[in-house]
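Chain nomenclature is as follows: A, B, C and D, assigned in order of appearance, with residue numbering initiated at 1 for each chain independently.
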Amino acid sequence: MDFSFSEEQLEFHNAVASMLRNEVTPERIRARWDTESGADAEVEKQIAEMGIPIMLVPEEQGGLGLTAVDIVLIAEAAGQVALPESIINDALVCAPLLAELALDNERCAQLLPQLLAGKIRLGVGHLINPYINFGADRDWFILPQGDEVHLVARDEVMLTPVGSVDPSRRLVRVDWTASEKSCVASGNYGAKLWRAALNRGALGAAAQLAGLAQGMIERAVNYSMDREQFGKAIGSFQAVKHLMADCATRLEFARPPLYRSAYTVSVAAERADYAISHAKVATGEAALLAARNAMQVHGAMGYTWECDLQIWMKHAWALDKAWGDAGFHKNRVHQWLLREGALTGPEYSFGRQDEELSYA
Amino acid sequence: MDLSYTPDEQAFRAEVRSWLETHVPKTPLASFDTEAGFEQHREWEKTLASGNWGMVTWPEAYGGRGCNLIEWLIFEEEYYRAGAPGRVNQNGIFLLGPTLMEYGTPEQKARYLTKMASGEEIWAQGWSEPGAGSDMAAIRSTARREGDEYVINGQKIWSTRAVYADWVFCIFRTDPDSERHKGLSFIFVPLDAPGVTVRPIRQLDGLPGFAEIFFDDVRVPADNLLGDEGQGWRIAMATAGFERGLMLRSPARYKNTAKRLLELYRSRDNDILDLSIEDAVVRCYLDAEAYALSTYQTASRLVAGGSIGAEASCNKIFWSELDVLMHETALRLLGPQAELIDADQPPEAQGWQDGFLFSLAGPIYAGSNEIQRNIIAERMLGMPRA
Amino acid sequence: MDFSFSEEQLEFHNAVASMLRNEVTPERIRARWDTESGADAEVEKQIAEMGIPIMLVPEEQGGLGLTAVDIVLIAEAAGQVALPESIINDALVCAPLLAELALDNERCAQLLPQLLAGKIRLGVGHLINPYINFGADRDWFILPQGDEVHLVARDEVMLTPVGSVDPSRRLVRVDWTASEKSCVASGNYGAKLWRAALNRGALGAAAQLAGLAQGMIERAVNYSMDREQFGKAIGSFQAVKHLMADCATRLEFARPPLYRSAYTVSVAAERADYAISHAKVATGEAALLAARNAMQVHGAMGYTWECDLQIWMKHAWALDKAWGDAGFHKNRVHQWLLREGALTGPEYSFGRQDEELSYA
Amino acid sequence: MDLSYTPDEQAFRAEVRSWLETHVPKTPLASFDTEAGFEQHREWEKTLASGNWGMVTWPEAYGGRGCNLIEWLIFEEEYYRAGAPGRVNQNGIFLLGPTLMEYGTPEQKARYLTKMASGEEIWAQGWSEPGAGSDMAAIRSTARREGDEYVINGQKIWSTRAVYADWVFCIFRTDPDSERHKGLSFIFVPLDAPGVTVRPIRQLDGLPGFAEIFFDDVRVPADNLLGDEGQGWRIAMATAGFERGLMLRSPARYKNTAKRLLELYRSRDNDILDLSIEDAVVRCYLDAEAYALSTYQTASRLVAGGSIGAEASCNKIFWSELDVLMHETALRLLGPQAELIDADQPPEAQGWQDGFLFSLAGPIYAGSNEIQRNIIAERMLGMPRA
């Protein structure tokens, strides 16, 4: 039993976090808002150079063969700078899904090297998300039809942009028609792939939400020390301190479930539902509370377009409801806890050990 | 206690309802934080005035109907029921109006109230200064008396409606040697006066709902002073009392939001997974109703000659937190669709995202809820100051 | 439309409140705890002399012919001093129920004058309450069997005392057997009587909860001004102030629904469910929050037997769950709000006016 | 990261489980706040010691097993799983023990730890004084050095277990001219020493869970000083750190309560009307699990040589609020039956009312949650002191 990250994991996280802090500034995020694509090619290039998009693809397929535990801190760092999100989804959902499909589907096997080489972009639709973020710049799509998994090219779908409250997002609605030819997996196998995609997507959102919460707490604390009222820094008022302490406490207890869920996805992905749902609920709550209290600490300033806090807040509001909202995930936990034979005693924080971390 | 409406009150309600049914625009107006929307709303104010509905509680001489507060509540209920446009002149009619009624000279009342009720002049408010926020006594902008004029210099911020409005009411320091609450005066400034510069501030939704105002040797007649020189703090506190109090936050608004929330909830009834959403919806409705009942209770007291006390700070906390909760609950009901802008929402889902952004300002403006809690503790419960 | 109490109502309230403040002190409440009956004959006598137990009985039957609006402030004042509760139930539930039954049942008609004269005591059981408070000193019982209403004498029932966390209470479980002879009402008429009893009982509990909340806020505020820490009165710390301000706010918005419900019971008792449930939920919340925050302000002192706060807290915990707990009442509101044709617009705060305050 | 137990850890768990299955009393002991119950619990401590289970993390020399913190967590999980009795000596083993380990002389360790682990000596703690509360620096009780002895005068309050315990550890002012945090020393006092008077304080449940202790020229050997004279504040802070930290609030306890709450919820499944109770039950379980996971994370860090920081204040807030919430939720599930005393409850409903009363102390003792929020803001987030 060792609930800690390795030296290598921490070092890689530090390198990525440092790069993100330098490159993903509020100014550069705002600069994207006025562009149609919403992209920042320079940042994407550096992230690609660090291998992040292909981290979870097995080595024998040309990826880095790393695990969700290796990427969770990276996703958190992305949230901390409010990185407009596509890369985290690309790495956690798109690449692993195509790699899995490539094992036994020829069309997917042909596409995978191109994806790994950065020559094409892949978008993944999922029934739980009505839209695809940054869908307009994708060359290929993996889309659901019930349990079936379909692979379709850009010119076989119709994309309609829809506006998000978060100016960093570029949502599209995808209209398309499934065919026998486009189907690359189905039945139980398809259902398993969609469930795994949902859990990995939710893990990415949860990690970013934790990072966003951290980012908002930092911004609000800094603001509270600069801003004076009634002759002293507002951060010295007990009411303001307690608003921030409450956020810090919620976040402190959202991270352990987050890391546990990354581990569970890594070692027993097919049984990760419960751990993932815990992580998504806890980080979503932490992020919403941080948004609310950071806003309150910023006062009228937080209500302006000029204030950078909005970059984090709006991102948090969107991600809280992506890849399953709190209702969906709380319900999954509820079902799990109430079923016959659920392992709920003090001795089962890590599941039944003889079945290696089972929550089944 | 008689919680039924009198025949007169019922007749009044019927009159309001009938007039609104005829006059409320069939298509929603654009936001009054846009130039076009502002003018549409000004037109609506003029339409209201044409029926003497501009501010029903004012005397007929100023364009009102001499209604009491109960009738005002009835008017508001019908107003929200009809889906009538927001009041672009709320700074004037709800904030400055009652203050003028109490502190204005007969000439000032005649001059300003009439044009306020008629929609001819739209008002901005200028409470805050950079670095002052909820601490109104930290004001540094000055008004220097020179003969029959005041010469104004300085800066105001978070001035709502100032981008397109005609007038602003502010507090300035008229005694340069004064400190904190002393030496402040309440003065009206036309926003087209030479030396006034208005810099719009964009809100969270991207629209310029408020502005900074810079005053550079702006000259206004000494008649623009409300009350006595040096009395500004006291008058501003009275105005802030109206703001915290019932006028600006009509219970009908929250009841109407609660009703829409119920409708949204019913429309999603079959897909709801969230284990606590029913509870949140019920709580929102009951709290909106409690706020309405409380307002009727206060109105009854005021009609009988009573006054508003520190419990008004409870109002501010209650409606602002309720408003956030109602919108958060609606967004939870909308799930992944919540983030869409109104233009891409289906009809029943429209307004919630914008309303949510707007609700976040509630616990902050008009004295943050932290300040209100201090006031409740110190003035209502008698706890010691720090 | 006039949402205020009359001069007479306020004066009567002041007289009763003043008497209660003088007579119902923490010392005298504690003195009752060590007695088997839990009663204070002197206080009961004074309350009887003021006519409170017979307030709601019609004049033509020998009562005072007053309404729930007349008694709601009295019940609140009883809560404010944490009066061990039996009188409020006697006045709101027992006497009106017997009076109603007396209109067309001979046995009840014979009992009523004795009750009004204070010669007998009556206990009322209700399916929503598993026990009867102060049941041991009753001469007669009105008890439910489905919708049937039964009148039985003390020697026809078996009483078993059960302990409450609140030492001011004297609960008994009543075991008995219904017979044709004991039945005094049934069918729709019986159901209507039980529903009215529940609503009046809940009104009494709600009013006392509001008073208890007020009492706890006052005690905590006073304590916070006496008690010093870090060199100043703890009441000057912002965190302590805000705990109290939150209680005051909840209570401020629990009272209007309380008074509305009293009015509704008075003018349209058969349609008062919704108004009563609102009042019970709101006052229960206000009282539980006041208990929690008053306890926190008192610190370790509040955790002692010696501290009088417990008198109020324990009473509030018990009453919050008497005559329908929050779950029951929220559910009733939920049913009401969701039914076809519910009147929910801004114009309906007082129901449909053409039907005189209808929530049906 | 490896969240599976090693074979050694699994073997350890099996050993604990098997020993507890044999030894845990079949019928619950009386409350250790009664005289009889206290002696029953002392006997249980002796039984534990007989199997070297008194404090598994201590060295074998002092009656422990030299376990690491992960093993301690496993021990605790099995301990709660088995429904074993509460630890009457928690002040000793969880609070004073770790402090002694860090600051004690070899002689003190041998003398005190061994008898602590064996259950021979039960400890009370004496942190607070009347009027001091969470402000430990306001201590006024004195210990005057006279030759080889300290002469102690003054008063302590809220001393848990003091009514029946053998020893108390306290902080006294050894430098009469000192102020606030300076001049304080950490001293052990036998509760049967001449001049010591213990006055029981009854708790909300009527039992004497704590006491006032009066010291009237009480003489103790100078050897009873822990650390150096004047170092009392620093040592007390370290002890308080253990208290806030993971030792005293084993996650197994909350997981076990959460499990019982789930069982209660299942048993009432068909009668539940409350619209938000499922949500509360789910939240309680997840939070209890989050606390367990967090503790494993901290334990992993400590095992690898890390230390506990200001985030321990988050722990204190989290477990204390969770404990209140779990018990409140259980009482909501019990509805009108909630108020009954345990003796009149059916088996599945027992313990909740008592547990609720006990949980209310959580946000207060060991530094109130208000103080903890200050600490988080100032030390963890770096916000300015008032």
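Some points to look at:
What we mean here is this: a contact is a pair of C-beta atoms (placed from the backbone, for glycine too) under 8 Å apart; a residue touches a chain by one contact, two chains touch by 3 or more.
None of the values given here were measured: they were computed from a predicted structure.
Between the interfaces A-C and A-B, more contacting C-beta pairs are found at A-B. Distance from the centre of subunit C peaks at A, each centre being the average of the chain's Cα atoms. Taking each chain's centre as the average of its CA atoms, subunit A and subunit C sit 52 Å apart. Subunit D has its Cα centroid 39 Å from the Cα centroid of subunit A. Within subunit B, residues 274-275, 278-279, 282, 370, 373 each touch two or more of the remaining chains.
Shared interface positions of subunit C, i.e. residues touching 2 or more other chains, are given as 237-240, 242, 330, 334. By the touch criterion given at the top, residues 128-131, 162-166, 169, 171, 228-230, 237, 239-240, 292, 295-296, 299-300, 302-306, 310, 317-318, 321-322, 325-328, 330-331, 334 of subunit C touch subunit D in their complex. On subunit C, the positions that touch subunit A within their shared complex are 237-239, 242. The touching residues of subunit B, when paired with subunit C in their complex, are 1-6, 9-10, 13, 70, 76-78, 80-81, 251-253, 255-256, 258-259, 262, 266, 278-279, 281-282, 285-287, 289-294, 296-297, 299-301, 304, 311, 313-314, 317-318, 370, 372-374, 376-378, 380-386. For subunit B in complex with subunit A, the residues that touch the partner chain are 128, 131-135, 138, 157-158, 201-204, 206, 210, 272-275, 277, 324, 331-332, 335-341, 343-344, 353, 357, 360-361, 363-365, 368-370, 373. Remark: subunit D residues 274-276, 278-280, 282 touch subunit B in the complex.
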